[in-house]
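Labels run A, B, C, D and E following the written order; every chain starts at residue 1.
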């Protein structure tokens, strides 16, 4: 019926075009969009700037200068009176730095008798060499008398100098590295004895007062314990609380009270949770100080609101039709929740949990009051042993006087950010993967 | 518990850390002590909580323990406290390395930083905006001083040794304030117009401020300054350049003692506690050539160090 | 099922209201009123549901059809603000009585909803869910048997028998609705409530479901809400007309559609409103 | 018998009861009556009845017996005299208690010396530290206390086990086809869920309690009026010798600093966050959205200390130099300022605002959008005139929530805004906040029981009350808004 | 309006197709197809909308009525996944042409939705919204005048004249829908599209809206989607029957309801399905 050509068709009157200010309105439209783009750019620009500043400051921390020296495990120095068979302490107390110094002097061609020269070598190699060499000998006393190549850490100042972070224009007396040391450094650099290696120690060492031997080993373990505790406690409790509030609770004063409480706890400054932890867990319940367990409990309380809020949203997103379907079949409410709603809400709950965990992972203030901002050199074997956490390590390094720590701090921030981003991205991917459109 | 627990002052923390680390390395049968930071107050508070496994063994402090605190300690059963003075902390003024040399006297500092000055016989808000107005010999820089915040023990030293010392009490009295206490208060009140900036963080933060404001003057611990001597230039006070020597000899006026307190009841109970304290007090650690001195601790004179060792060995309590 | 029917028959003896002996009253609403908070949505509804018959509830939107239907298996309990007055009996037991367990009630009075709402699980699991929570199958084989027979009764077996372990949500709308019916049947309810079961379906699917309802009537008592007069006419034996929360008229479907007593029924059926 | 052992036995009884219960239920199902609950519910019910009351009793018993023990020791101690060796009665009791605990570490056959001096080395060898105040007369009391404790423990264990078995039997006897085991189990589960949700309240109570005592102590020395209405924050360092706890603890400068910084932060976060949310919800293609949204959310994942360091090291100097360049001389923006702190905090809060408002904007029904577009409105007109006004209450609620976050933030302010408690209206000067002072007063070298330290707790409670009020208001607004569309 | 009609009359001279000279074609769909993503929802629809007549679109649920309606003022543009093929003209201009501005188009082709959707603003602001964004009123008095006349045309003036500044959401459902109609009228559209405007209303409100539609026909061209055959019969001059995305049949309403050409139309109208 519409197969007639258009021009023969009855022409409806085209009414006069009204002026509805289109030009100005489209300009406004464009402006509005630009505001939006601007807003987003501001956010992203800040993100980029922050990431760039942090990375550019910290990436050098992942490299560490070492000096490869042929160490002669001289029995005369380690155990001059040959008592090690009877007194194992001999191997522990021996003067290991001397071994390293001797090797270095040999390498540099310094006459050991030239005392003033030898003195200038002080502070070239890390004090950590003592422990490093001792561990080799204690593990295998048969090395005594042999010569081995060992990678000895350079002292922090030399490390900085090697990386070019020390301003050589400053007069020598004001520097931590002398001109002579620089010369030696260049000599060793030339023959490849001194070189940068990937800084494994940053991940394995515990706290130390020497930058080159300090690492985040204890902090990583401590943070790991705390995250496990938070996960084990906050997830079930949070989910249970959300289920109650979302599925069972009648709207009344009591549930309002809980709701206000939860929202409020999400906004309470984190240090206040530290006060709570100190008062309740340590003073009242007598739990140990500095322990990852207590830290975990405090962070659990801090994370709970986040998890509850996310879980409730996830539960509420499950469509009512699923609920009616289950109830209509004669499932009890409990069965409905645990067999249908909860599995369907799981991705949302997981996302919320990961975000909550990420937040807990980055938290310093509450740990300050329960003794976790501390110098801990030994690995914690259980969550009840003293430990620190990643952000705490950052905080402590930030407060160090030695400059080499600043570099480590930035490195530690990068590591923490990598962890956090990994968690956040997991959450985002999870959410995207399981996002359900009902 | 097989690990010594230490808490307290963040000024003492770096020294305690060095000792703890070396202690752990030397005495392999003991674990490395745990050293918390968190401030003298919080440290002493934990210390005074009682005796037993779940309380700390040592409190580091950058000030002497107060009477009230000793009393609270006793009330909780911590009666026998051994005080150990490990050395001194010098408090220095420093500017950016590129700046001119500074020579200060307490009166300069008072005139530059006090909240109120006596001008023409009247107590008025501090009118000085440039150092050169305070003392023509000082550079023509806007006053911008980064001083320790009130939470720091250093602040107290700063107030008594510099402000109070530089304060012209007679002039204040002449304005009609008769109460000595009131005068004392006026002397140490610091201006709040942004020229004097409290720093509650550590010296790193002060350094960051100087870094970003090249005409700022910062207050540092000697140790911190020495670690950053390539960035900072130190000012002399009363023509004495601060150094471990001048401070130890008492020539440099601004310094304070550092302490730690040991719970006697824990000695011989917590493994290694006694050894730790002895190790700490050894000249190897706090002597003039020791790592702590190298880090910036001002060693006490020989006799004083010896008396500390003797007092500890004798079990002298407060 | 047979046992129960006989029982109910016995109970029905002496019932004066029902003229024909096969018209046993399975459920009865007595002065049923429903409030949502302050607002009353249903007023004094007296309505009988007869055994092995299809009762259709018709009426304009918002007149309370769904509300009444949901009273019959206490689904209204799940709405916080809802409050039911009056009395509803199932085999002469008051279903709002304390002694009645609501879960058990819902197993006896099943429900099919307007929008097909299969669980996001496999077809098999959808059907097996009810029997599983009620412990109706001791062995896997029993369960297989229940699933198969339910799907067969719901006239969907042939379409899904090769894909029992694929998700139920992957079926077409009409298939989903029949799956939901199969799911309801699987727990062997005595009464099945259906709230506009075809309104989201295409004509062909609608026809299949209507056929199915007619078959199911042999074994189950069915109450169906529909907004299509034609559908009511096609599938039901009895029709109840609601308006603004009141039951306007109730009677045999034939009579309702040819010779209604009430003007409003007349108007509604002829499309004067709604 | 140790509590651990009792726990293990109770658990074992529970497990056995579970299996018996389930078995009985299965056996009774002969098909004549339709069972009410499935067999495993009977099992669970038996388990719960065997375990829960017993555990409850054990907990109560343990608390009760420690209270009893304390009284017992108290009664046994000699009358206190004026020159009593020990400082206080409470300390007396706690000394005995720790002595008793220590004695347990000794081998059973050790001969107990009568004097503390002899006892101490024995205990020290076991790693038990005791206060030097411990008196000789306490030793027999401690021994006696241990005996009492043992007796109480034994009775408690027996009663617990009896209760556990009784519970199991009771539940098992109930097993019957029509027994409502499922309802019982579910009721208990419901209680469990309820308990979980009360943890939020307990946490709040805990927080308040952990600050209340010290707050009261603080108000003993400083009047509430001078705290709440004081305009000067200058808690003098309790200088040695000056004996001074004087000082001015005026909340106003801190409060105004807190609110000011939060305000600046919101000034940054709200427009940027809101516009990002609008753009993302209304304009951005799914692809852009899927990249930008997570990227912005990363901002929320960066630890605040990193923001703080960024503010001090990078942004603060930059702004100062910028302002110096602008005026061509002295900078009007200080390195540390409200502006810097607010800016950085605002950036941190962008994702908070944007994700909250995103939810709210998408919650505005499509019908509103269609209605406006159908009238020939452009998209931005629709957003500005219909969507945002409709979402306004929700957005206000979101902003309040964000504000309470801003108020509670610490690390950024410590580093970026400084610690000087000024009272100024100039955003380019330094100011400080309540949270900063809480941290500082607690972690400094201040005397721990002086008002200077205690004020931290008063500040904490004030802050807590502040955020609580804001949350209540926010919740109220959001609720009202929600009702509009439901 | 009168002018236009006369003009159109002139134009209509020589039109072979339209028997009656007043049947001017206002809008025309030519092989219109719509895809939602991959899925085609509408196939090759050729349909004319005649000036000053009410065209009813009927058909079972999901057959594409709303989809077609929303093509007429390009509301489908707002759905990301939607894609339109074919050609739609308004006064012989292709509305999907680049030269056509969608904002202007929608000002000319207004729309009323299934669920009344007043903005959460005052009644006055609801009506004034359109004229305001289009800048149709220079002065406050002009605006008052537009609001009043629109509300009068929508037959709701008397009910709201005393509460113009109370929120529009506070009205009853039927009033809200008439308010939405007033809102649409206020921008003086040429065509008004209505998508099941009465489905959420009670019978009395429905009757009032139907009356209103009949009155509006004098000045506007109306396209209405309805699922009520009776409504279509009552209000429309022409009816188009859709099924599964195809236009089954189109013609004068009288003929469609008495003597449809297509079996499916017949079945649908008599309630065999849907």
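Basically, a contact is a pair of C-beta atoms (placed from the backbone, for glycine too) under 8 Å apart; a residue touches a chain by one contact, two chains touch by 3 or more.
Chains and their UniProt names: A = Phosphate transport system permease protein PstA; C, E = Phosphate ABC transporter ATP-binding protein PstB; D = Phosphate transport system permease protein.
The structure displayed is predicted, hence computed values, not measured ones.
*Asks:* Which contact partners do subunit D and subunit E have in common?
*Replies:* Where subunit D and subunit E share a partner, that partner set is A, C.
*Asks:* List every chain that touches both subunit A and subunit E.
*Replies:* Touches both subunit A and subunit E: C, D.
*Asks:* Using the touch definition from the top, what's the fewest steps needed to get from subunit C to subunit D?
*Replies:* The distance in steps between these two chains is 1.
*Asks:* By the contact definition above, name the pair with the higher C-beta contact count: A-D or A-B.
*Replies:* Higher C-beta contact count between the two pairs: A-D.
*Asks:* Which chain is the middle one, judged by CA centres?
*Replies:* D
*Asks:* Report back the single chain whose CA centre is most distant from the CA centre of subunit C.
*Replies:* In terms of C-alpha centroids, the chain at the greatest distance from subunit C is B.
*Asks:* Need the CA-centroid distance for the pair subunit B / subunit D, whole Å please.
*Replies:* From the centre of subunit B to the centre of subunit D is 34 Å.
*Asks:* In angstrom, rounded to a whole number, how far apart do the mean CA points of subunit A and subunit B lie?
*Replies:* Here subunit A and subunit B have centroids separated by 32 Å.
*Asks:* Please tell me the distance, in whole Å, between the geometric centres of subunit A and subunit C computed from their C-alpha atoms.
*Replies:* Taking the average C-alpha coordinate of subunit A and of subunit C, the gap between them is 59 Å.
*Asks:* Any chance you could list the residues of subunit E touching two or more other chains?
*Replies:* 103-104, 107, 133-134
*Asks:* Among all residues of subunit A, which ones touch two or more of the remaining chains?
*Replies:* 20, 25, 332, 368-369, 398
*Asks:* Residues of subunit D touching 2+ other chains?
*Replies:* Only 182-183, 313, 376, 378, 381, 442-443 qualify.
*Asks:* Let me make sure I understand the interfaces: which chain pairs count as touching?
*Replies:* Pairs of chains that touch one another: A-B, A-C, A-D, A-E, B-D, C-D, C-E, D-E.
*Asks:* Spell out the part of subunit C that touches subunit E in their complex, as residue ranges.
*Replies:* Against subunit E, subunit C makes touches at 60-62, 199-204, 206-207, 228-231, 233, 244, 267-268, 270-274.
*Asks:* Can you name the residues of subunit D that touch subunit E in the complex?
*Replies:* Touch list, subunit D to subunit E: 286, 365, 367-378, 381, 385-386, 389-390, 484.
*Asks:* Which residues, counting only subunit C, touch subunit A once they are in their complex?
*Replies:* 73, 75, 78, 80, 103-108, 110-113, 115, 117-120, 129-130, 133-134, 180, 183-184, 187
*Asks:* Can you name the residues of subunit D that touch subunit B in the complex?
*Replies:* 87-88, 91, 94-95, 98, 121, 123-124, 127-133, 234-240, 242, 312-313, 316-317, 320, 330, 334-336, 414-415, 418-420, 422, 429-430, 436, 440-450, 452-453
*Asks:* Write out the stretch or stretches of subunit D touching subunit C in their complex.
*Replies:* On the subunit D side, the touching residues are 35-36, 38-39, 180, 182-183.
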